[in-house]
Every structure is written in structure tokens, then in C-alpha cells.
Amino acid sequence: MRASSDSRPRVGILMGSQGDLPKMGKAAEVLQTFGVPYEILVLSAHRLPDRVAEYAAQAEGRGLRVLIAGAGMANHLAGAIAAHSLLPVIGVPLSSSALNGVDALYSTVQMPSGVPVATVAIDGATNAAYLAVEILALADDQLKKRLKELRAAERAKLEAGSKKPG
Amino acid sequence: MRASSDSRPRVGILMGSQGDLPKMGKAAEVLQTFGVPYEILVLSAHRLPDRVAEYAAQAEGRGLRVLIAGAGMANHLAGAIAAHSLLPVIGVPLSSSALNGVDALYSTVQMPSGVPVATVAIDGATNAAYLAVEILALADDQLKKRLKELRAAERAKLEAGSKKPG
Amino acid sequence: MRASSDSRPRVGILMGSQGDLPKMGKAAEVLQTFGVPYEILVLSAHRLPDRVAEYAAQAEGRGLRVLIAGAGMANHLAGAIAAHSLLPVIGVPLSSSALNGVDALYSTVQMPSGVPVATVAIDGATNAAYLAVEILALADDQLKKRLKELRAAERAKLEAGSKKPG
Amino acid sequence: MRASSDSRPRVGILMGSQGDLPKMGKAAEVLQTFGVPYEILVLSAHRLPDRVAEYAAQAEGRGLRVLIAGAGMANHLAGAIAAHSLLPVIGVPLSSSALNGVDALYSTVQMPSGVPVATVAIDGATNAAYLAVEILALADDQLKKRLKELRAAERAKLEAGSKKPG
Amino acid sequence: MRASSDSRPRVGILMGSQGDLPKMGKAAEVLQTFGVPYEILVLSAHRLPDRVAEYAAQAEGRGLRVLIAGAGMANHLAGAIAAHSLLPVIGVPLSSSALNGVDALYSTVQMPSGVPVATVAIDGATNAAYLAVEILALADDQLKKRLKELRAAERAKLEAGSKKPG
Amino acid sequence: MRASSDSRPRVGILMGSQGDLPKMGKAAEVLQTFGVPYEILVLSAHRLPDRVAEYAAQAEGRGLRVLIAGAGMANHLAGAIAAHSLLPVIGVPLSSSALNGVDALYSTVQMPSGVPVATVAIDGATNAAYLAVEILALADDQLKKRLKELRAAERAKLEAGSKKPG
Amino acid sequence: MRASSDSRPRVGILMGSQGDLPKMGKAAEVLQTFGVPYEILVLSAHRLPDRVAEYAAQAEGRGLRVLIAGAGMANHLAGAIAAHSLLPVIGVPLSSSALNGVDALYSTVQMPSGVPVATVAIDGATNAAYLAVEILALADDQLKKRLKELRAAERAKLEAGSKKPG
Amino acid sequence: MRASSDSRPRVGILMGSQGDLPKMGKAAEVLQTFGVPYEILVLSAHRLPDRVAEYAAQAEGRGLRVLIAGAGMANHLAGAIAAHSLLPVIGVPLSSSALNGVDALYSTVQMPSGVPVATVAIDGATNAAYLAVEILALADDQLKKRLKELRAAERAKLEAGSKKPG
């Protein structure tokens, strides 16, 4: 279904500061596994607000389909992206403060009506990427096939690994 | 892009008990506004687990594209759906217990790797529907157009309503 | 010290939605008591982000000295204002959700380095205005005088009202 | 009272992932102390849902009397087991996330009416096993005797160890 | 299996104060549905500690098999019962304080090793009774049969009530 | 005022397990500083309930005036002591669990009417001893004198240590 | 032991604002029951700090033996009293804010070393008075006798009221 | 605008104990960057209350314009300063206890009406200083210029550092 000749990034992974890279990089790894082109950037909602607004506003035109945003503390990044784009935005609350990520969770998930952020677990960048793949797979049969193969493979491995009762 | 002749439901709205209808019905209202066909069911992950598994496993084949699941307390519904389907699953934590929905929020959002649930705010059924529309609009240009028109209209209304400084 | 001929608003009171007016209006009452010119607007960080950015960026030039921003849930309004202005920004977390304002408190106060928000109590719009007056009074001797008189008057009243031990 | 010739496992210890073994293994140690036959498996409610359903549905027929399920984050394992079996299910919330187990506690204990999970402390696998033994001992006089002896022995040791006031 | 001629109470329902009766009475209703003989008492761990100790110590000898204890605030009742008996003890945290039952939940569930309390949801007296029935049914085939019939009946009713997708 | 010839312990320091000694030992150090005779014991409310009841019931007759009880998790020790004695009981919540002492704090402080526990900070054994000394000093002029001297000395030291503004 | 001719107040009940009277008045009722002379005042740590300091510093000289302080939100009243007096200070956190008293509880109980506040339950003014009576009774045999009588009477009433098992 | 010949400290940085210096020293670093004269002192609201009152009362007369107060646990320092001064007071909750700073946050931010404390993030001393600079810059054009230059420089650096999408 999808035009395979388009190699532009389809997922944008954003994070609030350079220090979030070890956690947010896991999203990139998942997307690589699935062969989904992506881009990854450090962008702070509070320190570079105009750049965030510009990025979000142009994302759809640049061919992006899903945006993933991770940040700690008062995580406004995902919400700021969602305010400037109608693409699905996935928020990853990060546990980088004394509050262990509860602050980031509440700041990410408690969005007002009309501006949703699809929130995953604290430090859940892996699942953010899986969710992005599920969304992209709705219009990409090959991706859907790979998603099913991967889940089947994982289940087979887990089945084998679970100790059988005698 | 989308075959307009297909009138099957594209979004499934599930809730844990009949009492959740006033809150979850708001998702249906939003989908109606956008003209997105949907179905709405009461299904409990704990009281009808096989039915939930069956529903989730058959959803994609029945033409559904996005599943929304709302429940209170230990909200396992969204997670159970996500365990049996590779469609994007949106979880709505409901504030129906003494804990005001913190229990449902944690039960919905803190999913393990590989099985994401896109979580929205406590009692945030409206945003669950908006998120579903954003996802569907990725492959439905008319829906994208309506989404943009609605956001523009809302902003115009808000602009007009905000008291101007003299 | 202050040029008394300048009747432009010196404090901007912003709130995320029309429904916040009963709570945020208390800030206006305090400013009226002190004779401080102010303006009051409904502006949502998520629904009118460009308007918020524009307002914040122009605030200093329009003669504003202190900005007060109140919102509930994931309160990004104060942070968004602070990202676009170097005026002191006072954030008021509002208790308008199932989480009773803890979400708004964390979203308001847990700001990253370099972009402070002066946060007051949940629903503490009155204190937001007092804080604004204290800030303005640093360069306005008459205001300082009124502030001292008011505190003295309140203490005298409280002194009188406290039942004396025999 | 109990047919001693039956050496089939009477308690099933389940855990959400291999990494939970150090914590959940403590339940096995307690059961060994009491000579209660058990089996221990890794089974994820989200990654192997059909296997969990099958295990729970067959447990009673296989001679199991009590099921213990431990998992972290959004712990749905105990609830999923309870949804497919009428054996007593004991849930152990594990502290394997940024939220230190509060997420797992709420996900385990806040079950809807009709599907109970007997929840013990965060990381309380030892007590899960004691509770299982108490339940089994209701119909096993020898086990009851051993339980009483053990508690008496522990109390004697504690009595001896508590420094006496002069 | 069970001697049907024994009509002594098999479940003891205890609560910390008379005011807890509306909540704890739901446990009695469930036991009545199943025809399980029970007794219900008001006993405070803090106001009648010796009576609680005596009750717990004598419970097994009086024919009781499971004890259910509900209390609010610092709920020590379940723990105190568990300290004086080796019968399974089920704790019901009640939401009777400013903390909405979180205090009672923590006080009930966070028991030290060797003295388990099977904790159910905040205000979850209904599930406490279901759990008691599941435990009793391990050695009472008729009760097991009734439990299965009831769950089947409930599921049939829920199946019928869930709106079918077209 | 106090008969100096009485060398019996006046304060009893109790703790739930041997592992609490490093934290609870600080209370002993403070009492030594003030020359207040004390005794220190390991007594678990759940593992040695009769011993706890006996200790509390005999405490007043043995000359004790204040009881300090520290425990972690579901801290019932202080409450159990208070249920069996009319001496002032001071509770020290300990941070020995995944919940960092919030469980112990709530279990200690949220006592029902008529059975108070004077609760100090999490891990606040030092202050428990200070509070005991303040209570004893009400009827012991020498102790009061020492208390005043110590506070004065500490303030002098702090005054000296605080860097003076130029 | 106590000079009965001294009719000066022995307990001071303080509260942060006039609105706290319905809750804090319960402490006065308990003291009246025991015939303990008391005084009750409205004093705010933040609005009348010098008055609070003066009151605390003079309390001992005026014959007061125990001070009870109740306040909501950031409850500094008990701590401020404790900073200016070496009498035992009992703190009552009040649930007068959006945070339901958790803010007041933490502000009251988490005192630094050397300045203890004996904290009771949220809104626990009744227990504050009981604790004061227990402290006073250490040096007042008649009060101790009344305390024992009252507890015995309450227990007898509770014993009678607890439904007996058949 | 500001008389450059006045070299007296304009910001006072206070902290509850010597151990807070590593965290609170960051405020001093920021002020040095901006060339704002400051003083830094250790002052405990509970251990040196009169000194705190005296400091706060004299601060304005000594030329101070903004006061920053940081403390952990029950942080009463900022509130006590605010009670004795009409200068803007900035509170920094410190994460020095088992509660990770939630206690300090609530104790700092939940101030009663009329006595505001401008609260920043847990351990947010850097932002406390930025906020102080923003306040001072209202009446100091050179400082405003430096503030703008610094923010511009930081944004330029962040812009350069953010990986560009291809």
C-alpha cells in the first residue's frame, strides 16, 4: 500500500535534553528493527519553543506520520508538539527528577480536550516505538506483516523459556 | 484514499461496566462529529475474559482500525485488548474508585515492553476519540481535512472569546 | 519612583479556560485593592499556542511587568509563557481534575533550569497577586507603602480577633 | 485428611518475567520448608495471554489448589489468572519500575467485584507462600501442625533474642 | 466432603467500628447468597485489643475457617487478627478518612514476613467474601459447584447485556 | 522534683526487628546525653503480639513513663503499645520498604480516636527521644534545665556557624 | 501530686484560622471531659509570627504544660511553636486544602532533629487532647485515674455493643 | 536605572543546614554569572527562629531585594522569611528526606493567603536564582540586557547542538 520509494523519515523522535538520549534511543532501536525511517532530535519545549513549534508545524509536510516526544520533570514537549500538529503524538514521561517521573507522567498524560497525547509508561520509549509501528502498520501491509512475525517470534521464545509443569 | 463504500465500524469503544457509559459515551460523540463509524460495547477483562480475547483477536479482520478501552480501578481492559491485537489500543483510565483514578492510570499506562497502550487523561474519553481520529486521518485525507477544519474553527472561537487587552 | 502617568496594565492574568475565571478572578480582586492596573485573558497553551507565544513575546514591550498564569491538569500555560518572556512568571496550579491539582502543581513547578516559574499553592490565585505586588513594589514606593499598611491592618485585625487567654 | 500419595503440585507460582525470579523464588523456599509440592513458571499476561488463560483454566483439574502470581508495573497477571479460575489467587506486586511498586500494588489489589485477588505486600513473595500454606492447611492437618510448630519456633527464637529489661 | 450437619459459623466478619457496617455488610450478603454460615462483629484492634486477641486465638477452635477484617485509617485489625491466628485472614481497607483509604490500604497490605493478610480493594468487602468462598470451596464440593454456577450465570448475563456489534 | 534514687528505666525504646537498631539506636544516644535511664528491646507487634501486650500493660508499673516504638511497613507496633497502655506512646515510622516509609507513616499516625500515637518524622528516632525528654522534663526540673542548656548551646553553635553577611 | 489550687490553663489549643474551630474545638471538648483547664486561640504562624513566637516563649512561664497546634496546608504553626518552647508540642494536620491534608501532615511531622512535633492523625484534634491528658497524667494521679476509668468505661460499652457470636 | 555605586548584596540565599550548601550553592553560581551581589547564610527556621525573624525583618533595610530560601523535610524557612518581610521570597524545596522532597515541596508551596512563597522545582536552586534575576531586571536595564543575551546565547548553542533532520 505504501510507496516504498519514499525514504524520508516517517517517525520523529524528540527529547528534551541531550541527557535523555540513553532512554529515548531505545525507540530508535525498535524502529530500526522494523526498518522504519526515523529522525532523532534534541528539542526543549522551554528552551527552544519556537523551534519546537516550527518543527511540529512542518512535520506533516516533511512526510512524518508519527511524533514521539520524551522529557522529564514538567514534560511539556509532547503537549507543545501536539498543540502545533495534528499527527498522532506519543509522549514518554522520563524519570529524571526527585519525583521519579510522576511529575513527567502527570504533565504528559493529563492533556485538555482536543489536544491528545498518547502516553506510554515512565521511561517507556520502547513501547512508544511499538505504538508508532502499530499506527504506521494500519496503512503499510508489509509493516503489519513484520509486526505479526515479531510478536509470534517473541511468543514462541517465551513459550520455550517458560518452565513446563511436570 | 479510503474506500468510502466501507461502512463497517472503524473504531471499537469498549468499557468495563455499564456504569462507565456516561464517561465513555463522550468518545462516541466525537466520532459522530467526524462521521467515523464506530461500535460501543460493555466488556469486562475480568468477568468476560474470553469474550475480550475473542473480540480483540477478531477486531482487525472485522475492519476495525483503532480500539478504545476505558475502565476504572485495576484497569486491565486496555492491556488485555493490546495483548490480543496489533491494532493501536487507546486506554482511558476512569476515576470510579476511592483512589480517584490513580489506580486506573497506573494500571493502564505502566505496560511492559512490546505491548503498548496509548493512555490519555483520567476520564479523558474525548481525547481518546480525537487520538483515534488523528490515527485514522493518516490514511484518510477527508478525515484529515475535517480535523484541520475543526481545530481551526475551535481556535477561531477561542480567539474571539479571549478578552482582548485594551 | 514609578511614573504615575502610565496607566497601561502592569500585570497580565492568564487562564487556560473560561471555567477558571472564578478561581483566577481572585488575583484581579487583590490587584484592584492595590490599584495595580492589570488585564485578564483566557488563553490556552494547547489550543492557542501561537497566541500564547505572541502574547508572552510582546508583554514586556506592552508595559507588562509580571505575568500570572493559572491552569489545571497538565498546566503548560505558565511554562509556555516563561519560555517566551523574561518577565517574572507566576504559576497557579488549579484543582480542576480527578487528581485534585497535584497534576497541575507538578506540571507548573517542576520546570527545567533556565526557565523558572514562580509557583504558588493549588488554587492560590490570591497569593499570585500578592507576589506580583511584592515584585512591583520593589520599584514603586507607594505600592510598598500600601503593602505595608495592608499587612499591618490585617495583623491588627487578627490580633483583635484572636481570643485572649485570661 | 489429605491423600499423601498425591505428589502433584498443589501451588502454582507464576511470574511475569524471568527477572522476577529472585523475588518470587522466596515463595518457593517457604513452600519447600513446609514440604508443599509446587511448580514455578514464567508467564506474562500481556505477552502470552492465551497461555495464561489456558494455565489458569486447567489449574484446578491438574490438582493445583492455590495460585500465586507476581509481576511489576501494570500487574495484570494475578487478575488474568483470577478471571480464568475459581481457585484462590494470591497477587504479589513487584517494585520493578520507577514507581517503586505502587503501580503494581494498585494494579493487583483494586480488582472489581466478583474476581478477587488476595494481595500481599510489595515484593512480599514470602507472605504469599505463607498465605497459601494457611489456606492449604485448612484441609491438611499435618500442614496445620507444621505451621503451628514453625510459628511457635519463630516466636521462641524472637523471645530469646529480644533484650530483656533488667 | 464437608460435614453438612455442622451449622457453626465458618467465616467471621469483623470491623473496626459500628460505622463500617454499611460497607462490611456487603460481605455478609455474599456469604448468604452462597449459604455459608458466618458471624459479624464490631471489634477494634486499638480499643478492644484483648478481645481481638482472644477472638482470633479461639476462632479456629470455634469452627471458623476464614476471618475477614475491615477497618479504616491505620487499619491494624486484620494484622492483629493474623498475629493471633493461623487461619487465612482477609483484610478490607476502608476509605473512611481524609486519605481516602490509602492509609488503610498500606496499613493492611504491607505486613511483615510470616504474618500475611490477604488484602482486597479499598472498600472491597464483596470481594473479601468471594475470596473466602473460594478458599472454603477447596474442601467443599457443593460450594465449589455453587461458585461455578454463579460465575457462569453472571457471565451469561453480562454476555447478554453487552451490546453486540452489527 | 524527681526522686533521684530511682534508677529504673524511664523510657522504653521498642523496635519491630533487629534490623531497625541502627535507626532506633539514635534515640538511645539522645537519652544517654540527657542521662535518662532507658531500656531498648526488639518486639514485633505481629510476631510477638502477646509479649507486646504484656510489655505495654506492665510498663507503667515497672516505672516507665514514655514508650517509643519504631517499625517499618505496616507499623502496628506503636498502635499496639498504645492500645495496652495509657503512657504517652511515641511512634517512629521507618523507611524500610519499597514505599520509603509512607506506609509506616500512615500506619503510625492515622490512629482512631481515643488511642493516640505521637508520631515523629520518618526515621526520626532522634526527635522521638527529644520529645520524650520534653515530656519527662515537665516533672523533672533538672532535666528541664539540661534541655534548656542544650538548646542554648546548639543555638550558640549554629549562630557562630552561620556565615555573617558583610 | 498536682497542686489543685492552680486553676491556670495547662493546655493551650492554637489554630491557624478561625475556620479551623469546628475541628479543633473537639480537643477542647475532650479536655473539658477530663476537667483539664485550657485556653484556645487563633494564631497564624504566617500572619502573626511575632505573636506566635511570644506566645510560645511565654507559655511555660504562664503555667502551660502542653501546647496543641492545628493548621492546614503548609502547617508551620506547630513547628513555629516548637521552635520557641521546650514544652511538648502536639501538631494536628488539618484537611482544608485540595490535597486533603497530606500537605499539612508532611509539614507537621517532617521536623528536623532537635525540634520535635508530636503529630496525630489528619483532623485528629480529639487524639491531640487525649495525648495531652496522657502527658499531664504522668504527674497528676487524679488525672491518671480518670483516664483509666474513661478507657475502662469505653471498653465496657464497646464490649456490650459488639454483637456476640451465637 | 539602578545606582551602580551600591555594592551591597541584593539577594540573600538562605538554607536550613550546612548540608544544603552543594544544592543551594548553584543559586550563587548563577548570581555570580550575572554579577548580582549576594550573601549566603545557613539559618534554620526551627533552630534559630529569632535569628530568621530578625534577618527577614532587616533585609529590606539592608538593601536586599529578593530572598531565596532552601530547606528539606518540613521546609518552614521560606514561609518564616515571608512572614517577616514584604520582599519577594523564593522557596527551594530540597529532596533530603525519605519522601524525596515531596514533603518540602508541599511545605513550601502550600502557603496561606497573604503570605506568598514563589516556589521552584525540588532542588531547583538554579531556577531560584534565575527568577531572582528576572525580578531584579525589572528595575535594572543592564541586568535585563545580560539576561536577554544569556538566553539568546543558550538558544544558539542548543540550536547548534540539536541534530538536524536530513
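Just a few scattered comments:
Lettered A, B, C, D, E, F, G and H in written order, each chain numbered from 1.
By definition in this document, a contact is a pair of C-beta atoms (placed from the backbone, for glycine too) under 8 Å apart; a residue touches a chain by one contact, two chains touch by 3 or more.
In this text, all values refer to a predicted model and were calculated from it rather than measured experimentally.
Taking the definition of touch as given, a chain qualifies here only if it contacts chain A and chain E alike; those chains are B, D. Judged by shared residue numbers over all numbers used at their interface, chain A and chain D contact each other through mostly different positions, with under half in common. Looking across G-H, A-C or A-D, the pair that copies the B-C interface, with over half of its contact pairs the same by residue number, is A-D. Centroids of chain E and chain H (each the mean of its C-alpha atoms) stand 53 Å apart. Here the CA centre of chain D is 18 Å from the CA centre of chain E. Here the CA centre of chain C is 36 Å from the CA centre of chain G. Each of the following residues of chain A touches two or more other chains: 44, 47, 73-74, 97, 99-100, 102, 109-111, 114-115, 121-122, 154.
By the contact rule set out at the top, the touching chain pairs are A-B, A-C, A-D, A-H, B-C, B-D, B-E, C-G, C-H, D-E, D-F, E-F, E-G, F-G, F-H, G-H. Of all the residues in chain H, the ones that touch chain C in their complex are 65, 86-88, 90, 105, 109-111, 113-122, 124, 126-128, 130-131, 134-139, 144, 147-148, 151, 154. Remark: chain C residues 95, 100-102, 121-123, 154-155, 158-159, 161-166 touch chain G in the complex.
By the touch criterion stated above, chain F contacts chain D in their complex at residues 9, 12, 18, 39-44, 47-48, 51, 62, 73-74, 97-100.
If you check the complex, the residues on chain D that touch chain B are 16-17, 44-47, 49-50, 53, 73-74, 76, 79-80, 82-84, 97, 99, 102-104, 106-112, 114-115.
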